[in-house]
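Paired with chain B in one complex and with chain C in the other, chain A is shared by the two complexes that follow.
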Partner chain A sequence: MDIVVALAFNGLVWGLIIALIALGLSIIFGLLDIINLAHGDFFMVGTVLTWFVLEATGNYWIAFLIVPLMGFLMGALVERAVIQPIRGTAALSIVATFGLSIIIQEVVRAGFGAAPKRILPPIEGTIPLFGIEYDIYRIFAAAVSIVAIFGFFAFLHRTKLGTWMRAVRFDRDIALAMGVPARTVYMVTFALGFAMAALGGAVAAPITTVDFQTGVDVLPFCFMAVIIGGLGNLPGTVAAAVLLAVTEGIVTSFTDPTVARIVSLCLMSAVLIARPHGIFAGATR
Partner chain B sequence: MKARINRGVLLTVLAFLLIAPLLLPAVGFDYWLDILAEILIWSLFAASVNLLFGYVGLLSFGQALFFGMGMFGVAIGVAKLGLGFWPALGLGMVVAVATAAVAGALAVRLTWHYFAIITVVFSLIFYFIALSAKPLTGGDDGTSFSMPPMLTLGESELSLTDQTVQYFFILLVVGFAFFVKYLIVRSPFGMALMAVRENDVRASLIGLNVYFLRWIAFVVAGGFAGLAGCLFALFGRYASATYMFYHVSGEGVVWTIVGGAGTLFGPAIGAALLIIVREELSNMWEHYPILVGIVVILTVIFAPKGLMGMWNGLLDRLASRSADGTDTDEGQRQAMESAAAPVKGEAGP
Partner chain C sequence: MLEVHDLHASYGKVEVLRGVSLEVGDGEIVGLLGRNGVGKTTTLKAIMGLVRASAGRATFDGVDLTGLAAHKVPAQGIGYVPQGRGIFPNLTVEENLFLGLRQDPSPPQRALVFDRFPQLKDRMDQKGGTLSGGEQQQLAIARCLVMQPKLIILDEPTEGIMPILIKEIRSEIRKINKAGVSILLVEQNLVTAFKICSSIYLMEKGAIVHRSSAADLKTQPDVVHRYLGMAA
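Take a look at the complex of A and B:
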């Protein structure tokens, strides 16, 4: 029983981190109409940058603070260099982000090396929780993710830039006519997506391994959350991420993880075919 | 003029492919005969992606699934069931086409992004199944087998263990597949596919069964990918789940786009070019995929019609210049088409 509780908690923590990353994927799709196959690699870049900053400064918290900022800048750069020129050719954008993913992975492999590395959790110790001893750092990671997710929704609904983003997503032409600088909004959106993935990476780095291939594992999971939650349905994405991760965590406790992954992929295909707008589609319309 | 030049180039390439087994060893490039065989196989795989994307407008990121099915069909047929050469090849094809028929029936209900995603999901599902079904597939290690003879005549037998036989066998099969694709594209069926690509609503209004056309195209494309997989399994005497992963599908897409989607030989050119780059550069520079990624992005930005599109554009321009300002028929037709076509994406109703 203890192992089930522990794995369910692990699933919850991981689900919240995935939710944070998947939100970035979802806003990029919702606003720019781009299927970002490099999004998993944005997360991976976050973990790798965390490792580098930690190596350079010896302090995890500095990495925690500046890695999302670095992600934001990189996102802005990538948007201007790669995404801006191909807007409007939806099918080709998948190919371009696939190319981007190859480049990012290979650059990291060149600069960071192919061997996976580990980061020690900056907060050590455990606390009793529902009959098990649970890592404090994981609870911290979950808390950070929750704060970031709420912060993002507050940004989207309370600030001018957030309102612009919603406006451009609702109707680009009318937003343009009302004087919304759509190009800037696109850039900020993409940069924000990258920053959220990088933050997810910084938070997850002490939990998972730092490796140039982690993005490949994370990407399908994020897509599952986005699809099952409904493409562009942001609260749905968060709910689906947590639901999926907890389910996979619990399923993993009595069978092997690959089977758990197959089950959730089958679930995702069923949702895609039966309810392409996500399982929460009825609730939001 | 353009048609004549392109036919000349095609004949030259064909002639080269036919004499390569004599030519390459003569200049000490034996190793390149295998590379050439590999290029042929991957060209067929790219042709499968192209049939769907270039002619029906469906971007599949899951063609590796059928490639892998073909591979495992052959490998398991030989290694586990003890089948001979031809039955194993048949098994690979049947498995690949059957998978495509079932997956297609579900997948072509969706279009655009959703289609791309569901094809990835399907291939991931089978990738994980192949990984975990260790007794059958060998899991991470894959399944290897020893080559059964193709033809036995009394004492002598014909087998792919001979490099030249293997090369010609692959050339023959791939050439035949490309001929079939040529016939399909030229046929009324091919025209119907292109009508669906251009505008599926109008296509359905003139009485075309869009769902059925997409499904058939999906199954045929699955067959091409499966055939490529069968050949690759025979070529390497090996099958592995890694070839089912979506990165392999992605490579097929990349070759197609870089070479030129919607053209018969564009994807083959893309595959040939990038594989040659890989073979040449991977020894010199370990991180050559960076270059591949850059080429992909630059192609998408500056030459969305690929190398073949650039080449045809160049020939058109040369033709119109040599004809003293008057366009050739071909050039005129294309100019009219591009003027009549609505700007995609931005200026919808």
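Take a look at the complex of A and C:
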């Protein structure tokens, strides 16, 4: 029973981190109509940058603070150089972001190396939780993800830039005619998506391996969350990410992870058949 | 004030505007009429920078609008009420109202809206999509007024509005005009156009084919019939 509880908690923690990453994927899709195949690599860049900053400073908390900012700047740069020139052509966006994904992976392999590395959790120790001893750092990771997710929704609904994002997402031309700088909104949205994935990477680095291919594993999971939650449906994406990860965690405690992933894929297929616009379609757009 | 000279624009390979020229002077209400699909809305969009002009230019108080990024056009003093009103249904009335402002609205900016449209004050937290057609039109006009424009471009403001409210909208447009704001009005409702416009341009196949005062046009039923397909 203990293993079920532990893996369910691990699933919950991982689901919250995935939710943070998938939110970025979802807003980039919802606002820019970009199917971002490089989004998993943005997460990977977050883990690798964390490793580099930790190597340079010896302090994980510096990485925790500056890696999301570095992700934001990189996101702004990528939006201007890669995304902006192809905006409005969804098919090209798949090709361009796939190419970007390969470039990012190869640059990281060249600079960081092909061998996976590990980062020790900056908070050690465990606390009793539902009858098991659970890592304090994992609870911290879940808390950071929850705060970041709520922070993102607060930003979206309580700031001028967030209002502009929702306006541009609904009708770009009308927003422009009201004086909303849509190009800046696109850039900030993409940069924010990168920053959230990078924060996810910084938080996840001590509980996963730091590897140039990590993004390849994360991307399908994020897409499943976005599809099950409803394309462009942000609260739905968060709920689906947590649901999927907890389900996989519990299934993994009885069988192997491959079967758990098959269960997730079956769940996604069932949702696509029964509710093609996602479980939470229509709740928010 | 607004001068449009030989404006051309295309959607892909289809040329929609073929040399539109018109003027709106200080304090004027100018009508732009024509059948569906002749390029009226495209003309307005080209002025607002939402459709790129392939040739010709539009200037406002000497500033070349065709060279400006679309989001910078409202700051020149031009408000736009698009066809269908363009209310964001997913934003609250307050968010819709002050969308174009960089900072929080000042008390005078709030007063400007609430004095003219007091009913909006009680609906600030409501989603824009829950308002009736007439209320949405008021919100769309109020959203322009917040920016303190010198010219408001209205694209079919009476479309889809209950007949009983059309008179109110006409009266509102007159009041705004009397406060010193010029109006460029695209309208299918001929009665409205005749009642409030000082001069009227008629469009056909992407070009201006006739210009006269509203009073003169009333006396030319053949022109009205030829270009609008209706009796004056």
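Everything below uses one rule, namely that the second predicted complex is superposed on the first by the 280 of 285 C-alpha atoms of A that agree within 3 Å, B and C clash if a C-alpha of one lies under 4 Å from a C-alpha of the other, contacts with A are read in each partner's own complex, and residues count from 1 in each chain.
FYI, a residue touches a chain if its C-beta (ideal position, glycine included) is under 8 Å from a C-beta of that chain, and two chains touch if they have at least 3 such contacts.
These numbers come from a predicted model, not from an experiment.
Peer 1: Between chain B (first) and chain C (second), which does A:I103 come into contact with in this model arrangement: first, second, both, or neither?
Peer 2: first
Peer 1: Now for A:V95: first (chain B), second (chain C), both, or neither, which partner does it touch?
Peer 2: first
Peer 1: Which partner, once the models are overlaid, touches more of chain A's residues, chain C or chain B?
Peer 2: B
Peer 1: Applying the document's definition of touch, where does A:I35 land relative to chain B and chain C: first, second, both, or neither?
Peer 2: first
Peer 1: Just to be sure I read the superposition right, which of the two partners does A:C266 touch: chain B = first, chain C = second, or both, or neither?
Peer 2: first
Peer 1: Of the partners chain B and chain C, which touch A:I227 in the superposed model: first, second, both, neither?
Peer 2: First partner only, chain B.
Peer 1: Looking at the overlay, what does A:I127 touch: chain B (first), chain C (second), both, or neither?
Peer 2: Neither partner.
Peer 1: Quick one: in the complex, what on chain A touches chain C?
Peer 2: Within the complex, chain A touches chain C at residues 160, 163-164, 166-167, 170-171, 173-183, 285.
Peer 1: Which of the residues in chain A come into contact with chain B in the complex?
Peer 2: Of all residues in chain A, those touching chain B are 29, 35, 37, 82, 85-96, 98-103, 105-107, 109-110, 216, 220, 223, 227, 231, 256, 258-259, 261-262, 265-266, 268-269, 272-273, 276.
Peer 1: Sort out for me which residues of chain C touch chain A in the complex.
Peer 2: Chain C reaches chain A through residues 45, 48-50, 69-75, 80, 82, 86, 88-91, 95, 99-100, 102, 143, 147.
Peer 1: Which positions of chain B touch chain A when the two form their complex?
Peer 2: Chain B residues touching chain A: 53, 57, 59, 61, 106, 109-110, 112-114, 116-118, 120-122, 124-125, 128-129, 131-132, 247, 250, 253-254, 257, 286-287, 289-290, 292-297, 300-301, 304, 344-346.
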